[in-house]
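Every chain is named by a letter (A, B, C, D and E) in the order it is written, and numbering of its residues begins at 1.
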Amino acid sequence: TRGGDSSGGDGSDGSSDGSDGSGGSDGGTSTSGSDGELAIPLSEYEDADIDWRQFEGSSINIGAVQHPWVSAIKPAVPVFEELTGIDVVWNVLPEQQFRTKRQTDVSTGAGQFDVFYMDQVVNQFREEGWIQPLDPFFDDDSLFDEDWYEPDDLFEASRWQAHGGGYSDTWTGMPITVEVQTQFYRKDLYDKHDLEVAETLEQFRQNAQTIHENESDVVGTVGRGDKGYGMNIYILNTFLREFGTSLWTEFPTDSGLDSDGVINAAEWYVSLLQDYGPEGASTQTWSDVLSTMQEGRAGHIVSDANLFWPGLTGSDSSVADNIGIAKAPSPADGQFSPNAFNWQISTSKNAQNSEQAFLFMVWASSQPTNTWMHVEGDAAFSVRQSVWENDEFRSRVGENFAQVTLESLQEAAPDPFDRKYPQWGQRYSEELQRAIAGQKSAEEAMTKAASVAEDIYSN
Amino acid sequence: MSTPTQTETTPQSTFARLRDLWNDYLPYWFMAPMVLVMIMITFFPGAYDLYLSLIAESTLDVFAAEFVGLRNFETAFTRGGAIHSFVITITVVVSALLLETVLGFVLAALVAGVGSGRAKSFYRVLFIIPMAVAPVSLATIGRIMLNSEIGIIPYVINTGTPFAAPSFLSEVPLLTVILLDAWNWTPFMFIIFYAGLSSVPKTLIEASRVDGAPMWRRYVHVIIPYMKPVVFVATLIRLIDLFRTFGVVYGLTGGGPGTATQLVSINIYEQMFINNQITVAAAIAIVYLVLVVALCNVIIAKVGFEGVWD
Amino acid sequence: MAKITIDDVTKRFGEGDESIIAVDDVSLDIRDGEFIVFVGPSGSGKSTLMRIVAGLETQTEGDIHIGDDLVNQLGPRARDIAMVFQNYALYPNMTVEENMSFGLKMSTDMSADEVEEAVTSAAEMMDIDMLLDDKPGELSGGQQQRVALGRAIVRDPNVFLMDEPLSNLDAKLRAEMRTEINRLQNDLDVTTLYVTHDQTEAMTMGDRLVVLNYGELQQVGTPLECFYRPANQFVAGFLGSPSMNFFEGNVEGGTLRADGFDFDLTKRMQSAVSSRNELVLGIRPEDMTLHDRANSGHEFEAVVDVVEPMGSISYVYLRARSQSHDQTFIVETDGQRPISEGQHVYVEIPDRDVHLFDAASGETIHQRQLGDDAEMALEEQIKPAE
Amino acid sequence: MAKITIDDVTKRFGEGDESIIAVDDVSLDIRDGEFIVFVGPSGSGKSTLMRIVAGLETQTEGDIHIGDDLVNQLGPRARDIAMVFQNYALYPNMTVEENMSFGLKMSTDMSADEVEEAVTSAAEMMDIDMLLDDKPGELSGGQQQRVALGRAIVRDPNVFLMDEPLSNLDAKLRAEMRTEINRLQNDLDVTTLYVTHDQTEAMTMGDRLVVLNYGELQQVGTPLECFYRPANQFVAGFLGSPSMNFFEGNVEGGTLRADGFDFDLTKRMQSAVSSRNELVLGIRPEDMTLHDRANSGHEFEAVVDVVEPMGSISYVYLRARSQSHDQTFIVETDGQRPISEGQHVYVEIPDRDVHLFDAASGETIHQRQLGDDAEMALEEQIKPAE
Amino acid sequence: MATTDSDSATASQRLDKDTREKLITVVRHTILLTWSFIVLFPLYWLASMSLKPPGTANSLPPDWIFLPTVYNYIQLIQDSGFVAAFANSLVMVSASVVLVLLIGVPAAYVLSRYDIPMERDVLVWILSSRMLPPIAVVLPFFIIFRELNLFDTRVGMVLMYVSINLSLVVWVMKAFFDGIPETLEEAARVDGATQFQGFRKVVLPAAKPGIFSVAIISFIFAWIELLFGLVLTSFEAVPVTLFVYSFIGSRSIEWGMLAAASTAMIVPVVIFLIAVNKYLAAGLSFGVVIKE
């Protein structure tokens, strides 16, 4: 299982790349008159009280990140095209490049993308007035059928993040994938050293120590240490909640970052990585974490995306058979509250085809599509609870993985991405990185982070 | 050739007229396309950045724009970490430039002196290749190769040498950036210097040998002065390129750890694409442009680019 | 200051079939302090030989000794030479002063003042002292050449190598420079190799002349020796301007039948000729005389083809009246002698001034005779040279 | 084929105080098909003037006409010239053949075959036909120069400009080339400007000589005119090799008192001198004679300083016995005449061969006399030139 | 040039030239081989990553010896998108190199040979086009491109690459032209060549090392360009660089494919280099033909 992004696979298996075969990174398909069997019977959608064909003949341009969702949904896209008569054009890019492209598009009012991936910058974009709120479309009966769509089947956390993480009253986009933090460990090492899977942070630290000290060439644990708002603080934000605080105890005047809880959480994470982490832990990104684990050079990943699962158990991994998954640990006296992250898809104010885009969103996140992607495809990131409960799916991905994910998701609390989160988050993560690198204490770092964050809002 | 319009022929047929027109105004024809392209790629972007740097919020509607004077510049320097990035940038520029220039020249001179044609070709091709590794590939693969746990380079150092490998990205990030840049871009200097060396007339070298100059003085007094325009230009261009280095460093360290490798270009990038403060980014860019232009002017005034024949 | 030994030196350029032999098995002993002049036609290997001595070119075969050291393995720097390049090879980026002082700065420990003094005095000698701050590109050809010469003579090397150092100077300046170089060479007593195409320089400057042709040594000897006692027809024809006139002919019973005239061989000649049949008679233009009418049997009639008045003298191009082919020969006459094209004159070939060469090998078989004093002086010169 | 008019041309290099006047207000009419030889000391502006005619340098003042056209504004291409550069300026990246054919390809519509034929025949003329495929860097100096010459002569231009085209050739080759160039110039009848430092070339090649000094025109005239009737002391001293001997002196009642000897002025001289006092007496080395003892009052005693044997002749450097300063003068004698350093001889200065110059201005005030025939021939030459 | 020589020995303390030469050769090659190793090692690693079976790319201790598999390359080649982008880039970049030389080299010649008013300012102005980091100018470029309908066109990208390299070409070539004595053109002009012919037939050949060097550098600069390609294209003109990065996913990196694509990207450069190799060193160096 490839992490599922290269256009390598999808270009060819999608359908006969008609018009844009030469396109590079899109690997796109825009087949209108697809011949062969449709992946999902149209009947699945025809129950809905939605006027699917009202935009027949138009086309939408989707800007997407190189992400498993894209490869998972592409085979089903002909279904949408058949259903609506709308052509779908893809523009798929690696994450960092996509950000640049998206920003250029919206900030210059180009409106190239009718649908685009949306993440931590959602409130930033929303406040700039670049994002088209979806509520008017939800209210439009020809576009949305609540009974059929069952919005409540979406995880609470996902819906919350699609509302700007609490900062928006309206839908800023439709969640398409969710990932939640889980714990990965080496079953063979656990057996060897007779270890129990940790439920608490204390146990986890113990386990890490045991492995670190008794194994040569294997570090106790790995975790994201590099800066960036999606990096080390993505992990730390979990712990700080579990240590009993939250970000922005008082928005926008008190970031809460200098509270005891945050400092304790930071100290715990910092010392964990320093004591039992790899050399240069402070510069490890998710890919280093993943690679280190894949190479069998680490005992655990304390907590990271459950989406590592395919990578860790697939052919890229030298320890594929020995990876265990469990819920992320939490403090003995704290509350389990793993971080979760949704990708959502949004549409911009300048987009030509926002309504068509909405139809696509509805279709893409609908139950039939989702279920098909997860049962027939190799997806494992559904935002729909029903999918995680689907037996076929569970047996495909493994009971254990599904159950851990489901339970975690039910308790999950994603980060609230306030509009300047990227900005202060970046600085906050820099501070944390400094602490991990041992340049300053966790307390100093967090105090600094707090003042930076508050300063950014004071202006 | 100081008179650009010295007539070459007396006009006869239409064809001849056209040809004369071509020849008589040759310098203008030669310059025109370059000037056109230059106008296109400098004036508008420059003006646009200047405009952005003076307004409150990015908008394409000039009439709706709210001009805020120098506020963006203030933000850049008080909050934006601009000064820090300038310092970091200058550190990287100076050290990498020195390293690359010296290394590039030494390698070029050594390769030029290789006796066997095949060996020469081999070195010549090989030494240019690093430049062809795309920045993000280099950064990504560099990261994994330098990874303290699973990287091949620390592994080789640790097992193959008596030294312990430092943790490249966290302990010596600046050095790592400089060394990687040197690996990546010494070829640039190498190739230009090499070409420059091969245009030094052989007799000059012979004359200096007869004059009793030892090898290094021959380079210092005869060869390098002869190549001065080439050395100067290569160094200046590399200097400018170093100032705006982005891809490899961003991919390698993202400007970290902390802000240890926060180059100006990374700063601008973050202001623009992370903080969404396009106007502040533009302000930094303008300051940056002014500084680099000034620097280049100073360098040109001090060193001059006149060749041996002027 | 050092003797130089050139030992069976051969230089080939290029490989295999394409290769050119620029220097062909040349051996030569040059005494310490000697002034050797190389002459030879264009492309005969003079510069190449010089560059081999300088260490700029590596001989294909053979050895070079400077002093008592075998220097095959040494670069120019170690050989401690100063050289005037045929193409000047001035440093375009340096001023005249810098050009001239460069060698001193590189090869000696002289202080800046000493260097400056040396350069200034050399520049004065070369009459380029007012050009010291100019770049070579701003100089005339002759000025550049003088800078090149000045650059060499400021040095105090083991060996001077000068490759046509005066070719771009006017006659007057050339005469001055010649004297300066001779004086300098005498003062410093530096072994000197000198290439020139100028007859005057060749005859007056060197202790010995080295005549090359196609890379092969033709003759080594004092200038007068080479002039009066050429080893072969090539040397005889090469030295002296205008060249010696050559007349091919067959010997028939004591008489050389050339095309257009007969020449009676003297006894001495006849014995030298012995059984040879095909001969070449050589006589210099200045040794032939023109008469308006025949005085004795020795003269033959000729028609004036062209007259080149040179001022004090004229060169008269003549064709023997009864000659079958088109070739002319030259006679030098007084510049004021009235003579015009188409005129018939009688040409006298004095016995004593005649050289005879073997037509096939070119070897000299009979040398001219000189006046008694001149003969003696020449004999004396030749002896020490051996 | 065109006449050339040079009209008050001045060329200054550099600006302001630093500026050098390379050509100083030169005016010259060159007839169609004429062969003009420029001579002058090194740095006298010969090359510069030539480059101005070529259109490579723009004169600071004055006009150049070629044919009837004012060409000030025209580049070299439009002037249709062929030039031999003093520094050759061969194209290093082209073979000899390409070097030579380049001009033909650029300036004519000749077919490839015609070009090749022209190049081959020129190369044969220059004796470089076996070098056609070599790059200039592989040639000897003389070979390079011949390529440069060949490159010019393959063309059929309006004007030939040749800047010391033979300076690196040996005497023999030079004589051949001289003939070839003359023949070619006669055949094509192309106006030719020629710079040389060689006396023989200067005297024999040109229809007229142009003598320059410090950028100023000194004399324009036929070679013999310049030789026998120098306009001033500079020209007299510059032409002829070795140079004319000059003796400064004061006139005291019909006698010139020079340092070391007295010379009685003839009547004609006296009238020419009129009231001038400070004079310079000039006489060529070949016109003075040496005697072992005094024959008449005209001789003076001198001591031999140096003897330079040149083969057929010798140059004897002498110092008047009673001379106060150190200067020597030169006398040409027969090469076989026995003479040695330190010897005392008597020097005769024939009246008829003496020139007199004004010491201050250098102007000639008395010209030598020639034999009647020579005198007449010269008179004839001078006339058409005026 | 820089021939092995033995100048630094004086007659008294000299080593045998053979020994010295050998020594110098040894030192020379030691340095060159060291650098070769430094250059080659990462390249070797890159290539080996692309040839290793999945999952072993980063294993330690490394599999120095392994059975190479071309699996990744097959994947790459089968991916029509990659091949198309590769070809597309090759065409666009080559075209841009030709164009930038056509525009830049003549301009450099003029700047080198003529008195241009305010020459220094002009030169600095030209240079200023490459002073700003691309991210600082990408937005205005995006706007211009949309206005001129150049967005996502190959023509647009070619122009883009030209603008990236133009200043480099102009400056470097000016420097090379400065090193070529003007006498050569004078000879050409006297030979009846127009200024243009003199430039083309005489100056250009002499500047070959410079031209081919800038050609290579321009090629590489354009070939590895990412940001403009990203922002200014979306389907038609997408350059291969973007494709290479597509193996860096959000939650996984396909090391083998990334390495294979990166290695594949080096190939045209190497081919280009080998093709022009001999020109890199063919300047005036074959002896002096003018007397300086």
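Just so it is clear, contacts are C-beta pairs under 8 Å (C-beta built on N, C-alpha and C of every residue); 3 or more make two chains touch, one makes a residue touch a chain.
What you are looking at is a predicted structure, and each value in this text was computed from that prediction instead of being measured.
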item	value
Any chain that touches chain E and chain A	B
Between chain C and its twin chain D, rotation from the CA superposition, multiple of 5 degrees	180
Winner on C-beta contact pairs when B-C is weighed against D-E	D-E
Chain C-chain E separation of Cα centroids, rounded to whole Å	54
Centre-of-Cα separation between chain C and chain A, whole angstrom	93
Separation of chain D from chain E, taking each centre as the mean of its C-alpha atoms, in whole Å	55
Chain E: positions in contact with at least two other chains	5, 7-8, 58, 60, 135, 139, 143, 181, 194-195, 206, 226-227, 245, 248, 253, 255, 282, 284, 286-288, 290-292
Numbers and ranges of chain D residues touching at least 2 other chains	55, 75, 77, 86-87, 137-138
Contacts with 2+ other chains: residues of chain A	100, 107-108, 287, 291, 295, 297
Interface residues, chain A side, partner chain B - complex	99-100, 103, 107-109, 121, 124, 128, 219, 222, 226-229, 278-285, 287-288, 291-292, 295, 297-298, 420, 422-423, 426, 430-431, 433-434, 437, 439, 455-456, 459
Complex contacts: residues of chain A adjacent to chain E	2-8, 11-12, 17, 20-28, 61, 65-68, 89, 91-95, 97, 100-101, 104, 107-108, 110, 112, 179, 217, 286-287, 290-291, 294-295, 297, 305, 307-308, 310-311, 315-318, 320
Partner chain A, residues of chain B touching it in the complex	58, 60, 79, 140, 143-144, 147-150, 154, 167-171, 173, 253-259, 270, 272-278
Chain E residues within the chain D interface of the complex	183-184, 186-195, 197, 201-202, 205-206, 208, 282, 284, 286-292
In the complex with chain D, residue positions of chain C that touch it	13, 39-43, 47-48, 86-87, 138-143, 145-146, 163-164, 167-175, 197-200, 203-204, 223-224, 227-228, 237-243, 284, 286-287, 308-313, 315, 335-338, 370-371, 373-374, 377
